[in-house]
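Each of the two complexes below includes chain A, the first together with chain B, the second together with chain C.
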Partner chain A sequence: MDFVSNQEPQLKRMLEKIGVADPLELFEAIPKKILLPRPIQDDGLSEFEGMRRMEQIAAANTFPSFDNYLGAGSYEHHVPALVHAICSKSEFLTAYTPYQPEASQGMLQSIFEYQSAICALTGMEVSNASVYDGASACAEAALMSLRTQKKRNQILIGETLHPHYRGVVDHYLRSQAVEVLTIPISSDGRLDLEFVKKRISPQTASLLVQSPSFLGVMDEIPRLCVVAKEVGALLILCANPLVYGLYRSAGEAGADIAVGDCQPFGIPMQFGGPYAGYIACKESLVRQLPGRIVGETVDTQGRRGFVLTLQAREQHIRREKATSNICTNQALAALAALVALLWYGKEGVRKLALTNFQRAAYLKQRLKSVKGVSFLSEAPHFNEFVVRFEDPLNQVLARFREKGIEPGLPLERYFSTLNQHLLVAVTETKSKAQLDRYVEVARHG
Partner chain B sequence: MKYTESHEWIELSGKIGIVGVTDYAQKELGEIVYVELPEKGRRVSSGEEVAVLESTKAAADIYSPVSGTIVEVNERLKDNAQLINESPQGEGWVFKIALDHLSEWDSLLDEKGYLALVM
Partner chain C sequence: MAKTAFNKSQKGQHAWSLPKEEEAFHSFSPPKESLRETEIELPELSELDLTRHFSGLARKNMGIDTHFYPLGSCTMKLNPRVNEWCAALPGFTRTHPLAPDEAVQGNLRVIYELISFLCQLCGMEGGSLAPNAGAQGEFVGVQMIAAYHRSRGESHRTEFLIPDSAHGTNPATAAMAGFSTVPIPTDHKGDMDLKKLKAACSERTAGLMLTNPNTLGLFSPVILEIARCVHEAGGLLFYDGANLNPLLAITRPGDMGFDVMHINLHKTFSTPHGGGGPGSGPVLCKARLKPFLPLPYIVKEGGHYRTVWRSEQTIGHISSFLGNFAIYLRAYLYVILHGMFGLRRIAEQSVVNANYLKTCLQAYFTIPFPQPCMHEFVVQADTYLDKGVRALDIAKRLLDYGVHAPTIYFPLIIKECLLIEPTESESLDTLDRFIQIIEKIVREIQEDPQLVKTAPHSLSVSRLDEVRAARQPILRTYLFREDNIDL
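On to the complex of A and B.
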């Protein structure tokens, strides 16, 4: 639809109606002293000069030349070229949210396929069209658990949920009459099951835990599920979705709601966002699932088509009683994740996950022979683990950086007791030669 | 049978009231696809939200016409919400409530009063 602005006669009629001679009179409230008397003479750089200047500034960023082992929720993965090719189609790239959704069958179909992919990956029965990010997916899932069990007012959250996610969850729960208990970690880096058994009660609405955890550890989800089920609490499992290529799915582990961030699939790190959060659950919880859900149906002539379904949960219909008033669908980022997933395929996702696991395991194994290096946990991991250096950490970091390696995330900021520890992420982007170099620098400095 | 301004009906049998929504209400909502029922044993006061009706593109709350305790809910609605469309003032009843104060009954609308409201 073209945008046609008002023409002279219409402007004149409007001004007459409100008794204003000149449109500029409408701006008189703006103090004169902050207005420019006339346009600035210097019209800045030309396009060419501007681009040169930007390139110079960008060249000051030497990070791309480093071997990057930073993860902690945002991972360096190869983004298949197909992702950009599909996502830069203007039908997807510039489309605003379809307010007459059924007129946009292509958009609805892409969302439907995304939901199907998330369900297949997580082993859940229903998925929505995505939310902002992994953090808001966690928060929305926590609220879901409170809404389905209105008389319960307690949530247990694992200490190893990503600290940024935890911050968002706390913020969402601040205005709810709910008690939040933090499940501490035991000596092996996994959550303290005895603490859970002791503190869980018929008041517990849900357990919110992350596995692989923020510290890279695969936690004992099936055992936590059993404890949760005993009191009728829900288990919310937050996970890097790539892990499901290798380990059992959230559904198989017994989780009721699966949440996390789609970033590892087809979404570049891009300074922390935008990403897309996934949230999927058992069908019995679908009426509490926030956001948009696309369904498949047939039209009056029996042809396959897609619709927005169960809209009575949503903010444009139920307003203040909607399942959420602070969520939206990250359509473009979710599409990128979908395209990457389809490109890899069922077998490809398994291989990608396996490669991630193997390379992380290789580095961890080789580091075992290095003096002054130890590990937080011998519990199973995926593509991330915590390593402890005996030397002061600032010296270790300087040593690695001198050799063009960013060796991992210092954890003291998040866990004060882990003041000599780095969180190391290894993805398929690291070759054997690079991993060997990491070990050499760790060994000799 | 008595009525409320928010389109519920209530029928009394001893101290137990049977509550549903009026024919007018079901017509306004259109095809009802889901009913969120209250919990048995819940204590409610008159005018309190007790249940939710969902049609394909709207949602409406059901308010309790009187104060009391929910003693029964219409389980058939869980799988067959359309009973409300088919028989709003019969098989499509929503819940039964034990009245705290029979006097509340008198302040509700009679059929004439309700019809005057929706005509």
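On to the complex of A and C.
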């Protein structure tokens, strides 16, 4: 099948008007030897057949039938029904980037509200309209820190930054003349503050750290901020934004740039994307923010309206001198995050964060009574923690999976020394009965 | 007047609900000294007020579903609803990106098969769906070219050749990847100036970034010569896939001589633009560049699919996980519904629709390039400058008539440019109506140019003060701020 409107009768009239007998005449600029023959057999499907095929493929994914404890940057949260209802509205779903602001006030105002909500949550002063994902938010923030301080050529990155994010940051920094130092983990699972004190210098453009870290640990951000300030370096804080419902915000902790992924708010796990990365910062850094930013203005009659603004930073104006090559934001995913944030609202976000914390804490507490189970760190956590099993890990995994539980992420792929360890995420979607069952399986197999 | 959700907050109201609290959870609390100190300044709204708020905003937005949207270079074709149905299946939405391979065989199959299909369609030999958008696909492609030269000890290749008609992302991408850019001018026929290209090729050439058909909507008849030229200098060719729509099952970038390319699934493969994203920008390449593809890879062993997270020469990770899965899932369905047969129909009809419009619009605009166009074309609205009417004014007046404006002032090399792309989706009736509207606007320009110069008149706002927005940036609102608005 196809979605082409015009058929033979229209085609005939159009070709007459153009003055050609066959559409192929319009392709004469293409060298003959690379022109393909018109297919004869219809190898497509009907809509019905396509839908059945997709249902079969979806059914080959057994994962949704498991009790899921995987996190590591993608979390299973309730997605309010309103989110899908709003995001599937034609006018949002099928619009392009708001190049004609008068015809795009709905999306522009939504983005403006998204920017406001991200600022409110993170405690920062300005936000852009979103970037691809948490990883690219980290990378763009690192580049920002180099642009604002052109003479500095060193960045310190915490070892507990999500390893995938780190990969993307390295990728973006590859073409920059910059030295990247990794801040190692100390024995309590937090970053080694002494290392930072020793290695930070007036050459340091920024510290990029994650808290809660990849290993679920809340790090000592205010102390790191103090150390960074002493040499004039920026502190870039990557975080699951839900944490700010409970723990001190990036602004309160003293960060200069707050980054992360909006996925926990209104965006399904959907095998890793699309998500939306957020970047919020202090006002003094706004001209170095990458990507789209929406601002408020007035029309010729003095009515309030919204436009893309500060575009002098962007690729379609600056070309090779732009702050970034990015031209999309994740508008629809950012809209989903906004709707979810407003659905939870001031009080709901706090309660949701607390619920996540308490359920994770409950599971961790209960697991303490299980023989052969121990923990990587006793430092405070949010909704994730690392658990160590004495039994061989593949046996442990098999035991859980047999009972329909995906118990957590094996960490050996990322940290070779953590070869007995799982990263366990607990959200509001897990009931007490499910958590108790996890403990039972851990205990008895 | 525009009230934000923050302006609408009513104390104590809310939409949220949470699973019942359990006594057993109550005793847990985080250390006091690390708690948030201030309230979260989000509004308090009931579900009904929230719903009306966003329904109201939606009405102030044009989309393809509601309006003809001939925005050049953006391929605003129908976004079939069956795609949305598919992407919302719980079997897909409830899968975690780090789930064990055996639990997500369906997802891995989609990735594997879509890459194979796109390779077949484009004459390429390997690929990755990880890039999150076109610009990131470009970035990956350019980095793969850099890695290729590095692996051959040719790091002295530091220049990228880029035509002056290119998308702004091309030079921005090359610069971001650490290359210097050499602009190649366009000749009077709208094609790349071959002589200037030859003169620019050297042992410093890393590669060429090219869109074909270019942003003027023209296919380069000397494409094979261009490729030879760059290859002989030791450079590689990157294909910007923004304009792939008219070439589906007609000809293949791989056969034109390109070594690596990206595709905008949100253009050619109908995934919704969502008001500016998310998109998806898969990258495809010839065999010699395969080792440098970004992670992860999906391999098929017997009937089983496996994810590979490590490799020797890869350029590494480009996205948090595996890219925008729910976007390329839609593209996969679009592809299997069409088959090669349906894709060919798309290409042919998109070109017929564009040429029909172009032929009919000759009466009203300067047509800088008379030869047949591909899926889009440029016109110059420079004949109305004596009335003080510019391309921008015509664009704004179109909005009043319920048509989204074409792309304006791009490509930069065309004076008072309108870049028009009707896509294969649009019917003859819609195209004829567009022509009538243009005719009407032209009449208005003669009779009452002021009406056009002050358009739009029928939308929620008239022209907006962009200078003020940039000079006195207001980039957020506050819960407790008294916004200076008429309620």
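Definition applied: the second predicted complex is superposed on the first by the 382 of 445 C-alpha atoms of A that agree within 3 Å, B and C clash if a C-alpha of one lies under 4 Å from a C-alpha of the other, contacts with A are read in each partner's own complex, and residues count from 1 in each chain.
The definition used in the following text is that a contact is a pair of C-beta atoms (placed from the backbone, for glycine too) under 8 Å apart; a residue touches a chain by one contact, two chains touch by 3 or more.
Keep in mind that this is a model prediction, so the values were computed, not measured.
More residues of chain A are touched by C (comparison of chain B with chain C). Looking at the shared chain after the overlay, A:318 reaches both chain B and chain C.
In the superposition on chain A, A:135 makes contact with chain C only, while chain B stays out of contact range. Of the two partner chains, neither chain B nor chain C is touched by A:32.
Using the contact criterion defined above for the overlaid structures, shared-chain residue A:123 touches chain C, although it does not reach chain B.
When the two structures are aligned on the shared chain, A:86 is found in touch with chain C, with no touch to chain B. Residue overlap on chain A between its contacts with chain B in one complex and with chain C in the other: 311-312, 317-318, 321. Put simply, chain A touches chain B in their complex at residues 287, 311-313, 317-318, 321. Only residues 34, 36, 54-59, 61 of chain B touch chain A when the two sit together in their complex.
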